[in-house]
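Read from first to last, the chains carry the letters A, B and C; within each, the first residue is number 1.
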Amino acid sequence: MRYARTAAALAALALAATAMAAHHEKPERNTLVIQADFAGLVMTGVAKSVSKDLEVFNVRPLIPLYDIRAASESLAYNAQTWPAGTVFVSVVDPGVGTSRKSVVLKTKNGLYFVSPDNGSLSGPAEDYGIEAVREIDETVNRRPGTEWAHTFHGRDVYSYTGARLAAGVIGFEEVGPLLEPAVIRLELEAGSYDDQVFEGQVAGGVDRLGNIYFNIDRGLFERDAPGYGDVYEIVITNDERVVWEGSMPYVKSFGSVPVGDNLLFINSSGLLSVAVNQGNFADKFGIGYGPDWRVRIVKRR
Amino acid sequence: MRYARTAAALAALALAATAMAAHHEKPERNTLVIQADFAGLVMTGVAKSVSKDLEVFNVRPLIPLYDIRAASESLAYNAQTWPAGTVFVSVVDPGVGTSRKSVVLKTKNGLYFVSPDNGSLSGPAEDYGIEAVREIDETVNRRPGTEWAHTFHGRDVYSYTGARLAAGVIGFEEVGPLLEPAVIRLELEAGSYDDQVFEGQVAGGVDRLGNIYFNIDRGLFERDAPGYGDVYEIVITNDERVVWEGSMPYVKSFGSVPVGDNLLFINSSGLLSVAVNQGNFADKFGIGYGPDWRVRIVKRR
Amino acid sequence: MRYARTAAALAALALAATAMAAHHEKPERNTLVIQADFAGLVMTGVAKSVSKDLEVFNVRPLIPLYDIRAASESLAYNAQTWPAGTVFVSVVDPGVGTSRKSVVLKTKNGLYFVSPDNGSLSGPAEDYGIEAVREIDETVNRRPGTEWAHTFHGRDVYSYTGARLAAGVIGFEEVGPLLEPAVIRLELEAGSYDDQVFEGQVAGGVDRLGNIYFNIDRGLFERDAPGYGDVYEIVITNDERVVWEGSMPYVKSFGSVPVGDNLLFINSSGLLSVAVNQGNFADKFGIGYGPDWRVRIVKRR
């Protein structure tokens, strides 16, 4: 996961959401959140035609074209703070017109994810747990009058179904038949800790901010009993070639080191991360991410 | 129209909207949708000052600067799914400070479009039909205290009037005096079908997706009795120079051909289109659009 | 200020807002407006977890990374039209993890601004006046379960506090202890008028539109008794080197001159400005802004 959350962090966040929800008494309306790899307000219009009272948000920036892994990571990352009942629609659908299934995933924390089952649901399934999966029955859950259209299921099926679910026009059981509680998973890997050495990979962060993070969560990292100020030796390799090698302090936050200095820290998703304070570590040192980008981390003792 | 809709498609969509609206009984609030060629939330703030209950969406990405044709196409395209009563404000206004009229167009399907009458309303008028046009009476429908400002009618007149209309502070008849039921039209052209040959132009799609479409709608195309799998010969010319020539199958959707293959299909707006599955046809082959870009399409028999 | 408002303009706008608010009688819900130098809907989700009824807007485009001056200007510019009670959250926080204070500024026109006190609040304080400043008490106003997170106060403190304030879960006095009514100010400067000569600096407008404006507001400019059509001689220098020199008419709006011609005008924020009609003056002539970019303006008599 680009921004995977640790189990501990998730439990804490779920508690927080529950505590906050207790402020309310009257029936609440649920929000629809739409992400896609193209722009426009056509899908939002569908939702408002289902119910003018429905609130809709569109994820920006757009998901990169056809990038199912990015869709999966964005869904899981953005959903982390939303209340139970929120419905997410994801339309990254390079296989539109093939036999991939159109489904609604309900996660254990009460969120709904409407998407083609093409890997986009991998992140939410992993982070929040699968409660149930239903296949969308298009004989019921398709906008009337759109049977001629074969290229824009986001408009005619996904946002329509998501909006009906969020607005309470249909319940989850009316989406369509139950499937096995499983979705297509993208391959993921966890880092390791043996003999005081962390091994893992650069899991993401190669973006506008450039704060890279590893598949090493704070639970695993704490097994090394780190203290703020401890110095760690870090080697980042690409296909076994060393791309960056050096040491930096483990600190609480960016402001703990001078501007321009490197830091090792736990990011807001609970993952061990490396950054330049007010700089872009990935850009500066040409770091990429994925299975070919490995990291080795050892405390200087 | 960049994404023109066919009459048949529109009728179907209107039916769908009506069917969906029947779910509601209590009075509904209408939404304001703002598009402009500049960013910021100043116009949104005007709307919320008119009524804190008003919901507002901003079209992203921005309309290209001063591009009235893009404004017209975006208005018509984005409006296709919204319920009756929705108010669209369009602020692409290169002639601010000249005598172009400020108007509200009401279309036959019950949508409202607030804009300078500079061609921006061409698309909605064509696709949805003109019910009535009123000129905005600025002695009433202008934000108090802004008489000194001459360069931002989007803030002081258009979003203010649109918000008052959407919130029910004024009715349509209070916008200002009725004009002739007409707006300034941008030149458009329809494709032709004679002797089993389609002739037309590349009407749009030269964008992030690159799925180009022609001014040949599905009603016209069906006159050739196409079947999925039929192969069509296509020639695209720019100023009579051949830019692309080849054949491809007519299929249902992207997934009907291998990744990287070309396909001929009906797009979600009901227009005949050409794409590379998971690629960008326009970029790959250097295709543009507009009157100088012609297409000739014939079924291989 | 990039788009500073004059006192006269502000007074007028405030009157307008008051007049508009009078339309309402039932209790109104307040809106949350979030700006940041990074994307995503995580902070929006926090707000919706506080109250599903809360409406949230996200400022786009993003604030440039770590750019506190841009944050300050954007806050002041975008807030100009919003009704009293609106809560703005600004998360441009290069010093996260240092001792900069987390505060809520209430301005004299009844708006709230939640931000680190790092200069981001300079613009709103100047334009709208300081009513009071409170420091956020994180023992109360921090999302439960997030004590382990040290790098994303925007999620855990600012949007959480802003949402609670907007939704009425807490009142302003429950934010935390009162501070001195002051915020960190960014250095600003006003233009001058002596012996019929204006001296000032290019204050902004070096953007997508390129309509540059000076630190000369319309109140000051009127002291020269300008009439539409009067011609002004303008010299723009960078570090005392002349970058542009010429004359242009003072006019009402863009459409008052032919396309491609230069114009001198009062922009929508009430500041003296220079533009090319339907062009980008800053780009065309290589104009920058800031203290090193000076302007001298004299009427041709």
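To be clear about the criterion, contacts are C-beta pairs under 8 Å (C-beta built on N, C-alpha and C of every residue); 3 or more make two chains touch, one makes a residue touch a chain.
Here the structure is a predicted model, which means the values were calculated and not measured.
Any chain touching chain A that also touches chain B appears here: C.
In this entry, chain B maps onto chain C through a rotation of 120 degrees when their C-alpha atoms are superposed, rounded to the nearest 5.
Both copies, chain A and chain C, contribute mostly unmatched positions to the interface they share, with under half of the numbers common to the two. Averaged C-alpha coordinates put the centre of chain A at 33 Å from the centre of chain C.
Within chain C, contacts with two or more other chains are made by residues 55, 60. Residues 8-9, 11-13, 15-17, 19-21, 23-24, 28-31, 33, 55, 57, 59-61, 77-83, 85-86, 208-209, 218, 251-256, 259, 265-268, 270, 277-278 of chain B touch chain A in their complex. Listing the residues of chain B that touch chain C in their complex gives 38-46, 48-53, 55-56, 58, 60, 65-66, 94-98, 143-146, 148-152, 155-156, 169.
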